[in-house]
Every structure is written in structure tokens, then in C-alpha cells.
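Next come two complexes, and both contain chain A; in the first it sits with chain B, in the second with chain C.
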Partner chain A sequence: MPEPTGVIHDIGYQRYTGPRLGRRQVFGALYLHGLRTAFGLGRSAKAKIFPWLVVGIVTVVAAGATAVRSQIGEVVMTYAQFADNMSWLVIFFVAVVAPELVSRDLRSGVLPLYFSRPLPRSDYPLAKLLAMATALWLLLGAPQLVMFLGAAFTTGDGMRGVWNELLDLLPGLLYAGLWAVVFASIGLLVASLTGKRAFAAGGIVAVFLMTTPIVATLSVMPSRAVNELAFLASPSTLVQGVGVWSLGDLLITENGAGQTESLIGDFGPVYAVAAVLLVAACVTLLLARYRKVAAR
Partner chain B sequence: MSTVSWITARGLFGRRRFLLLLPLPAVLVVLAVLSRALGVDPGEWGPAVLVGLGLAVVLPVVALIVGTGVLGAEIDDGTVVHILTKPLPRWQIVLPKLAVATGVSAVTVAVPLYVAGVLADSVRLGLALAAAASAGALAYSALFVALSLVTRRPVLLGLVYVLIWEGLLGNFVSGTKVLSIQQYVIALADRLAPTGLLEADVSVPVAAVMTALISVGFTVLAIDRLRSFSVAGETS
Partner chain C sequence: MPTLGGVTLIATESLTKTYGGGVTALADLTVAVEPGIIGLVGANGAGKSTLIKILLGLLAPTSGRVRVLGLDPTTESAGVRARVGYMPEHDALPPDLTAAELVTHLGRISGLPRTVARERASEALRHVGLYEERYRPVGGYSTGMKQRVKLAQALVHDPDLLLLDEPTNGLDPAGRDAMLALVHRIGTEFGISVLVCSHLLGEVERICDTLVAIDGGRLLRADHISAMTSATDVLAVEVSEGTEELAARLAALRLPVRRDGRLLLVELADDDTYDLILGAVAELDLPLHRLDQRRHRVAELFATREPSHA
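Entry: the complex of A and B
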């Protein structure tokens, strides 16, 4: 029996001996990358068109409202109302960003690369969700800041006026956060079902748009309780219901006060619970989805 | 039925994601049946279901998903090359695909709209809605098929049209209604079956002419674009 003649050559591969970053850094990198992806930063000009189109429109609307208020003195919309009025643009923004965040990775099959890092299964969707929610919050919050700055510099009664504006702004920002969390969790869940960005975008818009007319139909049903609970049927009206219950006068201006208040009746807490349950359900399904998809 | 249309139909129906299209018309029918069964006045639920859900959401969204799917999906995964290298005139590729897209979206939308129209008012309203929705499906499909050849992001551009142009601007700036397929469909349906349920903002001749113009114009544009179509990898 001849001696084995094979040899193992040392061709100079080096082991990595530097510091190894852990879970937190991986999560942070994914989050930051997701946030940059949302606005197309670090990507080609084509990827920037749609996000910045939406950002441009909301900023112009905020600037317009600020200008009208400083010139004529009429409050066109409060900070909290801003999110309500921009709901169509928010839907469009979700349809643009959510597929970019999750569908691309599904399509190009890079998930095994992600999960070969010290990254628990749940961290990937949570980082994406956090990035998406932050992007939405920035989209709704930044124009409110523009409106605040405009109001603060044109206020007539000094620091007290600025303080009052600030007290109005903070609930508006919180409300924008609610919008962001609800819409981000639904949008990401829908987008994570398909690897095709086109279908993901269509699906997201279908989910959000289809539910709004259901509200309109339910609210003419011959039952007061059904009418008052009708706003549960659509994510955007659900968020508005929570806003009406928790913010009250900040969301409703004088002309529609009594009317909107009675629209949801005494079901305010139901809306809050429903919103929490909706987000929890979406996040749970999203986590379940990534437990499965990673094993593909 | 030509091979191209057969391939297109199989591409649409052969995937599980086609089932995603079914909830939209189903909700439309369920809401109409529910309202009718509870005895709500059609004047109250009619506009919300027929126009708000049917013509403003279901028709454009179904036409968008189907219309960009027939050609856009093949461009996306690169299999369009197989069709382009066959010795076929370009119009023989675009027209069958457009026909399949129109047929699928017309059936998906017209049937539930017919049911809802019958429940709301009369058989005449149902037929009028179905006919107008089919005409609208043709115009929307031509627009979205052409979009999928003009740009690499047809769905998002189509959404800009549906959401921002028809949805957002149509509510505030009445001038944009002259260039909105949704308004043409409403005008045509209202002409075919005059009821108090539909409110037309454009005149019927304008609607008819513009629908025909959009259908033909974007079909010609699509054929022309496909003539000089360059197969390029996706950037970014």
C-alpha cells in the first residue's frame, strides 16, 4: 500500500484576530442601514425619487400651512391633524419603503448570510420594523417641526407663546409615533409575504385602501353601536379613533367638535386596546414569518 | 388564443399570489349584500360601496396589479427575452398581453360591481356599472402596460397616479378630474343608467373620447417602446 502523497499547503489565509462585535452592533447596523434605505441614502438617484417625492410634498404642505397661519392668522391644521390629512401620502410612503426593506432581501436570497451572524431570528424583523417606524415618524414629525418653528418665530406673546406651541407640538409628535408604529407593522407584514417588490407595493395599498370604504359603509348601518365601532375596520381610522379619544380637543377644531366626539361614542378605550392588539398581532405574525423563511 | 396570451394567462393564474386579488371583489359583494340585507337606504351605502370602494379602489388596484404583472413581471425576471427573440411583430406581443390584462381585470371587477349595482338599484345600473368598469379596465390596463415598458418601477408610478393624482388631487383640485379615468367610468355609468347614486363631474362625450384616446394612445406607446426595448440589469 503506497504512502499517501497529498500535502496541505499553507497558502497564507489569515484568521481574523481583531475584536468581534456582538448582537447589539449587528442590530444597530441593520437598523441604520434600514433607515438609510428608507430614504434611498447611499443608493442611486433612482431609489431616491419616490421617498423624497413624498417628503417634498409633506414639507411643502407644512410650509404652506405655516405661511397661511403667519400671514392671515388662521390655523389651517393643528399638529395632530397634520398626520390625518397626510394619510394617503403615508400609505404611499409605506408602499415604497416596506418592499425595499424586506422584499429585496427575500428575492436575492441573502437571508442565510444575515442569519449566519450572531443575530437571533427575531432581531432581523425587529430592526427592520424599528427602521420603518422611525422613517415614518420622521416623515410626519419633521413637517410638524417646520410648522412649530414657523409658529414659534411669529408668535406674538414671547416665550409663553413658544411654550404653548411646544405643548401643542409634543402630543402631535406622539400621535405621529402611533401612526408610524401601526402603519409600519402592517406594511412590513404584507411586504414580508412576497419577494416581488411590485406585488408587495400593490398588496400594501390594497390592504389600506380596501378598508376605508368598509368604514364608510359600516357607519351608515342601522345600529348605533356598529356606527361607533365602524372606525375599527381601517388602520387609518383606527388610529384617528385613538387620537380622538386620547388627544380630544387637539385633533378636533371648533367647527366639527361635537360631531366627531360623538362618532366613536364611549368606545375610546376599545380603540386603544384594538390598536395595541393590532400592532401586537402584526409583530407576532412577522416574527413567525421569519422563523419559517430563514429555514428555506 | 395565441401562444403569447396563453403564456400570459398562465403567468397570471399559475401563481398563488393571484389569490390575493380575490378579497377585493369579495369585500365589495359582501358589503353590498350586508347593506341590502339590513335594509339600509341605497342612497346612503350606494356611493360608498359603488364609487368609494368599487370604482375608486377595486378597479384601479386590480388593473394595476394585473396590468403591470402581464409584462412587468417578465421584464423583472428577465424572461421577456424569450418572447422578444421570437420572430413576432411587436404588436403581436403587446396586444394579446393587453387583451389578457383587460379581460382578467374586467371580469374581476365587473362581476362584483354588477351584483352590487343590482342590489343597490336595478339590473340596468348593474349592467351599466359592469360595462363602464370594463371600458375603464381597458383604459387602465393600456396605461399600466405602457408604464411597465416606460419605467422600471411601473407599480410605484401607477400608485402615484391612482393615489396622488386620482385620490388626493381629485378631491382638492377639480381640474385634474378631466384627466382621470375614474371620472370617465363614473360619467359613462351614470349616462347608461341615470340614478342619483353616481355623480359625474365630466361630460359624457369627453369621457368617451378620452377613454378611447387613452386606450389607443398608450397601446401605441407600448408597442413603440417595445420596438426599441433594451434589456438591462437592474441598478441600485
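Entry: the complex of A and C
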């Protein structure tokens, strides 16, 4: 008997016998979801405003620098300096995205739904951390790519010029990675402490900005060693210290902060170790935080 | 470990959980249940949620042993959680996601491939009765719809066991009936075992095969619902006058009788009980108002054992 079209057949409940993916794919799914959340993708229009505002600003800055360089031939900022110059926007971006990634889940009570699944409890914070770091790296790296493309197409030295630009770009991208990892781990740790997004955002801004006066105070103390170590006190200057030590002239040009190198003296390795320890401490605390949350 | 012919769904042995502050949530709990719909009843704070968290491997017991679907959740928690669906008691839904997005995402976290997760999410939402609404943000849902989404996310990865913590919380009477009917359907038609937690005995006794009652972390009783009710049916007799005389006459006939307000409750032994009561009423020439069989509510079984929560 021919069935009329458009009839919905209730075939009842179907058991699932197909494949169930392992830990890596599940981690990947959570990571991608986090990365999309960071830029407001798959979310309401309201959630897109701030991330894309920041993306827009950094892109315009990069395009402007590229245009100036191609017209006047003057390098406004190197690839590595780009990250330093954008530090305020990076802080703003972290303050917007980190609460979106973790505070929202704490508040809505969705975590029991994650932790009652075969997801190891450390995977949730690690996937979110990786998503946050990737988002920051893309935020700082993509404009550098814009600058590179601009420079590569206007270079007068042919392939050699492009190659030289590439050698400048790669350390810049690595430096952006350092910014991303340090800021993501601090931002996410602060945001994971509260379910209120406004508090989390305020806390993140406070951690990054309240430490700046400490740096200023320490740098005028009557001790050369204290002055040279002063930049350890704030995440932004800590990252810049590592950059000055590892990148040297890529970060410091004549028209940049010329004497920064002398400001950290021979303590470069100390800055590098401090950055590693800071990230390690933040990740450890983040994991401890979620061990506690999961058992609730 | 007690196993009933290898089909034990959940088994605990001397399970004890003591929290840091010396609070005992579970005390020496030994119980074994077979697949089906299991009602876990107890007052608030009786240890129901603690037991569920131990079953999920989210909390480690202080002492004792536990097995879920033949696995030990303290050592094989991922294996247990892959086969169990959990519906928490409290609000658990991000308001700005749609039900379809959320359930799909959680399906992927349970290990379903992307397209399968999307299909099964739609199916699960359909089974709980959400159709076009599933494309709207959860924030605008009614409590009943939110409860359904929570149930759907527990169902999306096709578990063998559902752990439902107070699924009727916050629902109006019609919503409660609908939710209980849904749970009953999952337990009978879908072939998925269900553990329903509730502080309302009257609700779960309507749908479950097995009843486990705990109080203060201790087991009060665990048995098939039929075993709890079968021998205890009573006849309720109401006469508009002469209640005392009738009670005395029935007692003289050696029928176990007790007063309950204007009613006389007589334990139903067999069909002769009807005749004896009718005969006694006729002899005394009393106006009979009512004579009906009452299922002895399970609550009355527990009443003597847990006076504080009766």
C-alpha cells in the first residue's frame, strides 16, 4: 500500500552500536568548541561584539603599519614589537574571553554534565586553556601575517627579501606564542575562581594592571639589581623581559625603547625561568581547582 | 560481592562515605539491584546524591566496595561513565545555547562522532518531547522543558543506565506525571535501566520495579515493589454510624482491624473477608457508605521505621 508522503514514522528508540571515539577526539571536540566560543562563533550576536572589536582593531593597526611601511619605507614596528604594542588589547581580550570560557560554565552548573562523561577531569581545563592560548596567538599572529604579506609583496629584493621577512616573522610568531601562553594561563586561572563573569573580568584586569605600579616602584629603588629584576613583578613586563633577552634586536630598534636591554641587565635567564614557573604554577592551580569542582 | 545471577546492575558492599568535617553521608550501605526501574528514596540529606556521585566515580568512597554494570567506578570511572547517563538535580543548562547545540556538544563529549551526535541529539530531544523548540536558546524554556533537555542529554549517547536525580523537581502536577511517564517509557520500551532518586515516595512507587529506601546514609529497605505491597492490601470500610460496634464485631470475627479516622481498615486475607464484613454490616443493620480495596501505600511500610520523615 503506498504511504502518503510527509508522514513521520515513529520508529521508536534506536540503540547505538556504532563507534565511540577516544580521549583524543573528545579533547579535540572540547578544544574546538572552546576556540569557537572565544570568538563568539555559534553564539549570539552579543557574544561576538567584543572579541571581533579587538580583532578589528589589531587588524587595522597591522594594516596601517604595513601601509606606512610600503609608502614611506619606514618600519613602524617589528613583528615582535607588535605584540608589545598590543598588550592593552590583549588584556582586554583575555578579560572578555576567559570568563566566557570558564566562568559561564561554573555559573550555569553545566560542569556536572561534563564530569559525568568519560572525560578525564584534567582534560576540561586543559582543553579550555589550549583554546584560550590559541585564540590569543591567532589574535597576535594573524595581524603579523598581514604585515608579512604586505612587506613580502612590496619588497624590492625579490625572493631574498621575502625570505628575510620570513626570518623576522617567525620569531615574532614565537613571541606571540609566549604572550598567549602566559596571558591565557593567568586569565583562565583567575576566571575559574568565580562564576560571575563581571567579577572574573575585573579580577583579570586587576591582576594585569595592578601589578604595573609595583614594577614602576621597584624600578626607582636605589638598587641596580632590584631595578633590573623589577619587570618580574607584572606579567606584561615579564614577557617583555623574556623577549628582550631572547629576541634582542628584533624587539629593540633605535626608535623603540632603546635602553630596555640594559634595564634587565644580565637577568635574562631569570626572566625566562620566571615565565616558565609562572605558567607551571597557574596550570597546576587550575588543575587543582577543577579537581575540587568536579567532586562537587 | 553479591551478584544476582550475573545481572546485577548496581551492587554496594559496606559502602561508607564520610566527609572531611566528620559528616557521614553513607554508612555501611550494602545493596544489590537488578536491571529495571529502581526508585531510590530518602529524605533530603539521606545520602542519595552522594551515592550517585560514588556510582559515577566522581567521589571516592571512604570504605566499602561498589560495582556499576559490573565495573568498579573508583578504578574504571571512564568505563562506567561511558555507559551511564546522569541527570543532575540542579540547573545545569547554559542559557544562551539552544537545546540542539548543547545536547549535540555533550554527545560529542561522550565520544559520538560529529554527525552521529547531531542525529542522536535530535532523536533524544524528540523522545523527550521537544521538537521545534530545540532551536531556541534554553534560557527561555519553562522548567518542564529544561528538565526534558537535562533528560535528553543523559540519553544522547545511548547509556545502559540512567541516573536521574530528582527528575520531577520544580514541576507542576501535570509536568510531574508527564516526566514520570517518560521515565517509565525509557525503562520499559527503550531497554535502559533507570535509577530514579526522589524524596517523594508516592511518585517513584508508581513507576519503579525495585525500591531502595535510605535514611541518614543507612539502608532502610530494598526490595521489589511487588514484595512490598502484595501482602498488605487492605479493605477500607466506612459506615455513617456505629463504627465502634462494627469494629468490635469484626474483631470478634478475628479480623485484624484498625481505625483510621472515620474509616476501618481491615487486612484483606482472601475473598471471604468481603463476605465477613458485609455480613457483619448487615447483621448490625448499619448504613454502609463505602467498601473498597486500598493498596497499602509503601510509605506506610516505612512509616514505622523512619518516624521523623513519615
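To be clear about the criterion, the second predicted complex is superposed on the first by the 277 of 296 C-alpha atoms of A that agree within 3 Å, B and C clash if a C-alpha of one lies under 4 Å from a C-alpha of the other, contacts with A are read in each partner's own complex, and residues count from 1 in each chain.
Following the convention adopted for this analysis, a contact is a pair of C-beta atoms (placed from the backbone, for glycine too) under 8 Å apart; a residue touches a chain by one contact, two chains touch by 3 or more.
Values in this document were obtained by computation on a predicted structure and should not be read as measured data.
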| said: Quick check on the superposed pair: does A:Gly12 touch chain B, chain C, both, or neither? Answer first, second, both or neither. | reply: second
| request: Mind working out whether A:Val220 is in touch with chain B, chain C, both or neither, as first, second, both or neither? | output: first
| request: Give one of first, second, both or neither to describe whether A:Ala47 is in contact with chain B, with chain C, with both, or with none. | output: both
| Is A:Pro269 touching the first partner chain B, the second partner chain C, both, or neither of them? | neither
| task | Based on the superposed arrangement, let me know which partner A:Gly64 touches: chain B (first), chain C (second), both, or neither? | result | neither
| task | Once the structures are superposed on A, label A:Gly56 by its partner contacts, choosing first (chain B), second (chain C), both or neither. | result | neither
| query | Does the superposition put A:Gly22 against chain B (first), chain C (second), both, or neither? | reply | second
| Should A:Ile91 be classified as contacting the first partner (chain B), the second (chain C), both, or neither? | first
| message | Quick check on my understanding: which residues of chain A belong to both its chain B contact set and its chain C contact set? | response | 43-44, 47
| note | Listed in rising order, chain B residues that touch chain A in their complex are 17, 20, 23-24, 27, 31, 34-35, 38-40, 44-45, 48-49, 52-53, 56-58, 61, 64-65, 68-69, 72-73, 76, 152-156, 159-160, 162-164, 167-168, 235-236
| note | Contacts from chain A onto chain B in the complex sit at residues 43-44, 46-47, 50, 53, 57, 88-89, 91-92, 95-96, 194, 196-199, 201-203, 205-206, 209-210, 212-214, 216-217, 220-222
| field | Touching residues on chain C, where the partner in the complex is chain A | value | 53, 56, 58-59, 77-79, 81-82, 84-86, 88, 90-97, 101, 105-106, 108-114, 116, 120, 123, 127, 137, 153, 157-158, 186, 189-191
| note | The residues of chain A that touch chain C in their complex are 12-16, 18-22, 25-26, 29-30, 33, 42-44, 47, 104-105, 108-110, 112-120, 294-295
